[in-house]
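Dropping the structures in below, format is structure tokens.
Next come two complexes built around subunit A: one with subunit B, the other with subunit C.
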Partner chain A sequence: MSVVGSMNTFIADLHDLDRLVEVARSRYSVYAPVRRGRGYVFSKIEGMSDTDLRYNRTILPPTKIFHRPKEVLLRFQLADGPEFGEVVEVEPMMIFGVHACDLNAILRLDRFFTRRFEDPYYLARRRGSVVVALNCNGPRDEYCFCASLGTGPTVYGGYDILLTEVRDRMFLVEAGSEIGANLIDEARFRRASMSDMEAKKAVASTAKREFRRYADFRSLSYPVIEVLAHTVWDEEADKCFSCGNCSLVCPTCYCYEIYDTLDMDLNSGFRVRRLDSCQLYGYAEVALGGNFRKSRKARLRHWMVCKFGGAAGGELSSCVGCGRCIFYCPARIDITSVASRLREAV
Partner chain B sequence: MLKIGLFKFSSCSGCQLSFLRLNEKLLDLVDKLDIAYWVMVSDNDVEDSYDVAFVEGSISTPEDIYSIKDVRARSKVLIAFGACASFGGLNSIRNYMVQKDVEKIVYGSSGALSVKSIISYPIDFYVDVDIYLGGCPPSLSDILEVIKASILGFKPRLPDYPVCVECKLSENECLLVNGEPCMGPIIRAGCGALCPSLGRTCEGCYGPQADPNPNSLADKFREIGLSEDEILCRLRKYAGMHRDFRGIAKL
Partner chain C sequence: MTNPYIPMKAEIVSIKTETRDIKTFRLKPLGGKLKFEAGQFVEVSVFGVGEAPISISSDPDVDDYFELSVRRVGSVTGALFKLSEGAIIGVRGPYGRGWPLKESEGMDVLIVGGGCGAAPLRPAILKLLRSRDRYGRIELLYGARTPSDVMYMEEFEAIAEGSGCRVLLTVDTIAPDNRWRYSVGVVTSLFDKISVNPFRSVALVCGPEIMMMYAVRDLLRLGFKPENIYLSMERRMRCGLGFCGHCQIGRKYVCLDGPVFSYSEIAPMPDKIV
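Take a look at the complex of A and B:
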């Protein structure tokens, strides 16, 4: 990705952005936040009227587009010598309106899925994709806490196009890659003025000061007794449902499980990858019913310490402050308040 | 050929109907499956042995006790087929009343006096159960999974995680977070989050998930304004007899 200078800074209203979507749709499926009940989901859109750029957060993060909640990995046939055929579903995609927290999560998954082994399924979808990021002008609601983790509210890289709402429904548009620059070019936006660019700086500096929710996970990721033996785990585990919501909506939770399903002929079948959750009893279950994390407390602690940056995934699975786990926890377990209790002890 | 039998105790026959709803999928299995006993569709006599018995319904009369033990003795694998067989099901809501009063309500003071009812128990109160298929009725995919696994001699892959997982994978809104009394967090998946996907709260027909926390859910229900009676009704509706819910459902 080449860095494009401020010569390539533009200003666009929703009507202009509609043109960008139209241009993009000739090449890409465009996914953006779309209302579902009281929430939002990333879905295919046809124009700006389908989406709402003032959305707070989607139920599942946009990482779902690359790391699918459920996908078929391969088809197989057993009789006459086993045969296997990979199934990789790819379509060129534009992900429109990605917040800083979720973009940081995508960048972490990029590293996770390319570390020792490249994940062909993730990469096939990710490599051809275009990301249109959207700066936040402050917390989207009281659940956001990216500012204290340095993962938002302003985006600093990893995008093809970056939008900042500098005035009411007026967006400063910047290119972060050649693909982005070309798309902007085709959409024929007006060049931004100096005051537009100044307005972006002002937005960025005030945005991070408006956060009320705060998290500090430093020194909580080490297996020290003050963290592991704290009574807060017992108290929270009493409330916890082990429902898995927190990890299933988490943009940095990538754990999955793989299983085979046979067709009715009991010969052919397919292999499925499905998002898993360490909060589920079966997650750490092994042969003969052995289980490494039988108690809710052990599972809850494991997940949070992972989000603090301490479990196997390390910083690649750590928290980006999107607030989903707090909002979607039916038991109102709050990782930021657990962390502050723990911080008092270490 | 896998020889199977479908047996019925106190129930509505809905689980058997679900088996019938496999439709053409049953045809795919005609050369692998010998349906040797199924009172709903044929008048075959009971045979000496079955590879797999699907047992629908709870045990609610003295005769049932004898019969379920007989089915068990004839079957290599016994499947509790549906909510009634697995946890007592809807029938078990009468367990919280005096049996005599229930008989009077149902049969009147004069009629059907020969009917003797006992506490409605899931079949595992009397016999060992190998596989539990919850649901009112069980999903077709779960039924197919146990049939395929039985033919091949695999352990069937049945969800033990909660409905919430299926809701999240379908990206449904969370009804409970929205303040509606959904039982999803403590109830086993398998239905594909059928009710919540249609905007209806989970009623709990699949019974408890692997590690449920009904006490916390009761607290949550209180928080959103349910009365103690309403909470009890929800916990008792399908699986109040299950050991995971019994304590809080107050049998």
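Take a look at the complex of A and C:
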């Protein structure tokens, strides 16, 4: 729902949206889904012809634009020191065409990175950017299952601008923030008619009925014994390669490793963080050869229970139904079918 | 917004060798004080090598310095061992939830330590002895592999001399020519000798997880309530801030919810020994 109201609801075709991108480009780098091989990636665009708003999903989710797969945290110098200081790389960004599942993942990470402590790197990038969300008119393909989790296909808040394709390549445009409203204003869109607004409602109500894939993760949590002890983990672990693809592509996976790198001069260097995955053997390794998740089964179970919302991250690291992990798993491990096996037991 | 990843500088003012692989570093924070509670930890930075979580092992009521007792096991601890007095390192914290000392007033306290596990227990012992009259009986059981692996030896003997706390020491094995006046056997073998009342006592336990497993088993058998047995847990940990994910045990973050947990909180969680 737009916080600004129907007076601020507009209608735009791709030419109009081009003007929005044009206006935005004077202040932001605009990232949108761009075809790359057989997939899509969020990449810098110059106009609407670079992007495809009918994309199914990007390989990496937009959360990983804010929480980068690899980034420098601190710079240090050892001589006469040590001396050190932060390195925060911020680029004002517009993220264009974000689906409901991915927007919900962003909103979860917003809360995650502001719990007891605040993560200045994520927040600097996030707070300096605008999100243009895009409603889905149904599942983008057979992997989507946001509808059953309540994380899509329609967006309800948390965006700066919201687009809904109400007719063939005609988009209803709503502002969700002051910044969004100003951008729309500058792009000079036509006001939406009553029938455009009715069309959006129709899209939203049919969209959620078209999903074939379904998931219910409620109470699939630590420390429910039926979940922990289920034989499905042995069967799935037999197939799993521990490649970590699933967590790399997951929009709510944020775990990372921190390490120092030293330059050739052995004096200056960086403290770096890089995405890590609980599916990888080293993740839970401790001193003197200890490892609390040595078995593949324990790692796969931990990852999935985390995605069910039943691990330490709770709801904030839980699944939003984007379908990426299912699509990119080389072992064809499917979180929705594991969940339905578990459901029979709880 | 202050950046929680930026450490504060601290100078090593003295180094004491405890055992062949444990040293206690006394550190003076530069530009600020470090206020902490018994059982909390810091992230220690040796720039160019990395960070490691280390418990603060000194008296929480002393704030012009603090101490870390470090066992050499890997890269950061190895690099610390190469430093000498005057060297500057980074620390950030303190982090985590420490021992429930306030909540335990009026009760007996049994402290059970194994190996390097004495480090996070030491501030608790010092704090308990400072407010001795608020607690019932206090007993300290500590075990190490051999006599030369015993940390804080003179200090434990001094505590035993005083009247406030009974101290029972043990080692797993002694060499034939070794002089050792105390017990031989694993730390749980000392449980026969305790005089605290299990029904109105808390137990503060830290050591290798396998040792904690045996300790918990015996404490429960003696009549300790699961919610009165407290364990300081160790996991791989990077940020200490509740972000990097590594220290999770089931639904708990060691860095935010722990490192001290009651046994009843941690017992149902997976992927642990205890």
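Keep this in mind: the second predicted complex is superposed on the first by the 343 of 346 C-alpha atoms of A that agree within 3 Å, B and C clash if a C-alpha of one lies under 4 Å from a C-alpha of the other, contacts with A are read in each partner's own complex, and residues count from 1 in each chain.
Heads up, the rule we're going with is that a residue touches a chain if its C-beta (ideal position, glycine included) is under 8 Å from a C-beta of that chain, and two chains touch if they have at least 3 such contacts.
All values derive from a computational prediction rather than experimental measurement.
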Which partner, subunit B or subunit C, is in contact with more residues of subunit A?
C
With the two structures laid over each other on chain A, which partner does A:60 touch: subunit B (first), subunit C (second), both, or neither?
first
Identify the partner contact of A:258: answer first if only subunit B is touched, second if only subunit C is, both if each is, neither if none is.
second
Contacts for A:74 in the overlay, against subunit B (first) and subunit C (second): which applies, first, second, both or neither?
second
Output check: A:311 vs subunit B and subunit C. Expected answer is one of first, second, both, neither. What do you get?
second
Please work out whether A:286 is in contact with subunit B alone, subunit C alone, both, or neither, and reply first, second, both or neither.
second
Would you sort A:119 into first (subunit B), second (subunit C), both or neither based on which partner it touches?
second
Looking at A:302, would you say it contacts subunit B, subunit C, both, or neither? Reply first, second, both or neither.
second
Identify the partner contact of A:156: answer first if only subunit B is touched, second if only subunit C is, both if each is, neither if none is.
neither
Pick one for A:86: touches subunit B only (first), subunit C only (second), both, or neither.
second
What residues on subunit A does subunit C touch that subunit B touches too?
259, 262, 266
State the interface residues of subunit A toward subunit C in the complex, per the touch definition above.
73-74, 76, 78, 81-82, 84-86, 88, 112-113, 115-120, 123, 221-223, 228, 254-260, 262, 266, 269, 271, 273, 276, 278, 283-288, 290, 292-293, 298, 301-302, 306, 310-314
Within their complex, state which residues of subunit B touch subunit A.
25, 28-29, 32, 144, 148, 151-152, 157, 160-162, 164-165, 168-169, 171-174, 176-178, 184-186, 209-213, 215-217, 219-220
Quick one: in the complex, what on subunit A touches subunit B?
36-39, 41, 59-60, 64, 69-70, 238-245, 248-249, 259, 262, 264-266, 274-275, 277, 280-282, 296, 327-331
Complex contact set, residues of subunit C against subunit A
1, 3-7, 9, 47-51, 71, 73-74, 88, 90, 209, 234-236, 238-239, 241-246, 248-253, 256-257, 268-273
